[in-house]
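In structure tokens below, several structures.
Here come two complexes built around subunit A, the first alongside subunit B, the second alongside subunit C.
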Partner chain A sequence: MNRCLVIARMVWLDLLRRKDLYVLLILLGGLLLALLSLNVFGLGGMVRYVKDAGLLLAWLFSWILAISVASRQLPQEETRRTIYSLLAKPLTRGELLFGKWLGAWSVVCAATSLFYLLIMLVVAARGGRFEPLTLAQTGLLHALGLGMLTALALALSTRATQSAAAALAYVGALASYLIVPQVPVFLAAETGLRANGLLILYYALPHLELFDLRQRAVHDWGPVPGALVAGLVLYSLVWIALLLLLGWLGFRRKRFTRGAAR
Partner chain B sequence: MNRSAATGSLPSATLALPGLAALALWLAAFALACYTLEHPALQSRGSNSFWAFLLGSGRSALGQTLYEHADVYFHGGVANSSRPAFRHLFQRWAEVIAPNRHRHEEGISIFETMPWYRWATQLDPQNVDAWLDATYAASAIGQRPEFAARILAEGLRHNPRNYRLYLERGRLALRRSDWSPAAYALDVALRVFPENRPADDVEARQALLSLLNLGSFAHEILGERDQAAARLRQLLSLAPDNAVARTRLTELERGADTRAAALAYLQQTLTGEHRCARETDDEHDHHP
Partner chain C sequence: MAVAIELRDLSVSFPSRAPGGAVAALQQVSLRVEAGTVYGFLGPNGAGKTTAMHVLLGFIPASAGAAYLFGTDVRQSIARQRIGYLSEHPEIYPYLTGRELLLLMGRLFGLGGRALRDRAAELLQHIGLRHAADRRLGTYSRGMLQRIGLAQALINDPDLVILDEPTSGLDPLGRLDIRRIIGGLRARGKTVFFSSHELSEVERVCDHLAILAGGRVVAEGAADRLATPGESLEQYFLRVVNANTSREESP
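And now, the complex of A and B:
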């Protein structure tokens, strides 16, 4: 486990050196300030749209960060040829993969916490507040969704280049978030092979939409039952384990050729 | 010693200052851009507006999306979803996360919808539905008719020949018991009402009936009996089964003082006019 933590620490240091996070934070701050400065028919005192747009931006930026960080970890080691020195150490490929995932997930979660903190400050400056338990659940499920996303991008990057892995992860994540929840509605108008195909997609792809509690936090609907949160934690852990297993299967016998350009 | 410390701190200061200056400049430029986008000079020219230049015809689609988001806010955050073909564990979870009950925002919380109407109308000032819904939300639910009148005035600046906006202006004036402005707005609406509407345009037919009905009330209350009778005759030519209109016309032609009765009818008409498009009998909950 210690070896995994060392790898995870390297991921943290890499992100802090690259400045992606600072750019996203400044962008989020700028956009939130712009939201506050908007003139809404001369009205004041509205705060829900700031929560809504702020959380949407936090979701968007955390997805961008999760996919870009996770998809570049292994291809980058290969391009820099540091993969050889890493694999020469007393470290299994499984530990390397898990350490990379742990680092990518934890650093993205930390960045997302900063996004949330910034949003809370802006909302408070506007005179509003989030219901604490609902916001905690929103953050927890958001983090679990990011865990699945980083595992997906990392698994894809074991067999694809960084850009290909990132592109495939975006497609998979967007399909899971936008299309999969609509399948039961589509099925009302489909029969036969097409209906079966849609059903397979419905069960085979992860349900990222279940990890989105933004509307509850924005419209003050209150927290969801603890049993549902526990179910979703279990569901996400199963998916993360499955994706990391697939990644490990793709990575464990992968041959690296010196001088191969990525 | 001091000198070396000073020289030692110089590189980090020289690195940090330009970075901070760049950040400050970026924020200033961003704030200025936000301010200028709000400027009336960039907002009021329809197809020549900043948004039209930036997004082209895509601005209508984006405006429509924002308008639909305003509708979600109007319904307390509940999206308008279609009925699924089957129910499964994931859907039951999704229903707990996002309940699909029907409710409306009430009181001042309705003003939380306004930013979305604002953006929808900024992106597409020709989205008359957005202007009308914003007006309805502000006047009928938010109880701020003067604010609703401002929204409507802005909508009319962008759509000066739209009968629906004049109809709403007339309706708003009737709610405020401003009979003369109401009669004027409804007369203008009648003048700009397009003549060659297809026979199967149910919405336009309904709007014309409303125009004639409300116009007749306004003129009747003002004591302009001939104009009121003329509108009722036109209304009966379109809807001969309207028993209330027939009774009112008979009373007017008889020469009776019908103003008190007109006021009572008008109250009934105004309270019963709005019906939510999402309403179904089995899942309606106006009082969450």
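And now, the complex of A and C:
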């Protein structure tokens, strides 16, 4: 576990010394301020509008950050050839993969917390506030969704290049969030084998939309039952474990060629 | 005497689209490197030196045969606890400082605390990079990267150091530094296993040599006994490699 933490720390140092995070933070702040100052149809003055726009941007930016950070970890080690220095230590490939995931997930969660903090400040400046327990649940489920997303991007990057892994992760995430929840609608018009196939697809694919409690936080609908949150925690952990297992299967015997001299 | 490295009938082949379906990079290579020796691993480009090192380090699996480090199968990560490795191209994390790199690599060996900090400071002093210890590696020159790469290979005070072309791309002063460090390791009873194209370097520092050509060991023995009297190591190397290469290429 200690070696996993060392790898995770390296991921943190990498992100903190790059410009990505700071650019996203500045962009988020700038967009929030722009939304407030535009005041289209008088919406700038509505706290709900600010909450909604802020949380949407936080989701968008955290997804971008999660996919870009996770998908570059392993391909970057390979193209820089630093993978050899790491694997020459008493470090297993499983530990390397888990450490990378842990680092990517934790650093993206920390950045997302900063996004939330910024939104809370802007909302407070408009005289509004979030209901604390609902916001905590929104943040927790958001973080778990990010865990699945980083595991997906990392698993894909064990076999694909950085850009291909990122592109596939975006497609997978958007499909999981937008298309998979619509499967029951298609199901109504299908019968027989095709309907069964769609049903299997519906249950076999991850449901990222389940982790989105933004509307509850925006409209102060109150927290969801604890048992439901516990179920979603379990659901996300199973998916993270499954995706990391798939990543490990692709990585454990991989021969490195990109950037490598034979 | 203890055996630091043992290769037993090691074969490695890579998948290929060429007829036959695979390219043999190593063919039944057997070697024993005794602890405390400086062992040179020579061969022309594409002879399989780096492939053999990569098998030893567990980067690639052997197609057949076995490899051991201090008697432990290289497929177990614990086999790498007592070794240090410097790759041919030490392209190191540009966002870390020299000191941070050494501390992080040390922690991967389970080291920590004051002992690790002292060891990192000692190595930075030893390789002449104390003045640049807190500078980002992205600002280091090629020679400085090679030296910090060597320092990270030595952070755990390894019993066996594997160096892949350690003097490649270095100026004469850099080569002298590497020779000095290898000499220091030998004096402390450490085993050094290194590949090089620089035959004069090899001649100066090695006790034992193996020459690889076409994925096979074609010569092996004490460095001062391999060549015939009056023959330089370079002449011997060319004779042995040409003989084996032309034999393979003839119909």
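List of remarks:
Quick note on the criterion: the second predicted complex is superposed on the first by the 247 of 262 C-alpha atoms of A that agree within 3 Å, B and C clash if a C-alpha of one lies under 4 Å from a C-alpha of the other, contacts with A are read in each partner's own complex, and residues count from 1 in each chain.
Rule of thumb we're sticking to: a residue touches a chain if its C-beta (ideal position, glycine included) is under 8 Å from a C-beta of that chain, and two chains touch if they have at least 3 such contacts.
Just so it is clear, the structure is predicted and the values come from calculations on it, not from any experiment.
Of the two partner chains placed by superposition, A:G226 touches none, neither subunit B nor subunit C. If you count the residues of subunit A touched by subunit B and by subunit C, you find the higher number for B. In the superposition on chain A, contact of A:P132 is made with neither subunit B nor subunit C. Applying the stated contact rule after C-alpha superposition, one finds that A:G192 touches neither subunit B nor subunit C.
By the touch criterion stated above, A:F256 is placed in contact with subunit C alone, subunit B being left untouched.
In the superposition on chain A, A:E209 contacts subunit B only, with no contact to subunit C. In the superposition on chain A, A:L13 makes contact with subunit C only, while subunit B stays out of contact range. Of the two partner chains, subunit C is the only one touched by A:R3; subunit B is not.
Partner subunit A is touched in their complex by these residues of subunit B: 23, 26-27, 30-31, 34-35, 38, 73, 76-77, 81-88, 90-91, 93-94, 96-99, 111-112, 114-116, 118, 134, 147, 150-151, 154. Residue ranges on subunit C touching subunit A, taken from their complex, read 14, 25, 46, 50-51, 54, 57-61, 77-81, 83-85, 87-93, 95-96, 100, 104-105, 107-110, 136, 149, 152-153, 162. Across the complex, subunit A meets subunit C through its residues 2-3, 6, 9-10, 13-14, 17-18, 80-82, 84-92, 253, 255-256, 261-262.
Against subunit B, in their complex, subunit A makes its touches with residues 26, 30, 33-34, 37-43, 45-49, 181, 184-188, 202, 207, 209-210, 212-213, 215-216, 218-219, 221, 224-225, 228, 231-232.
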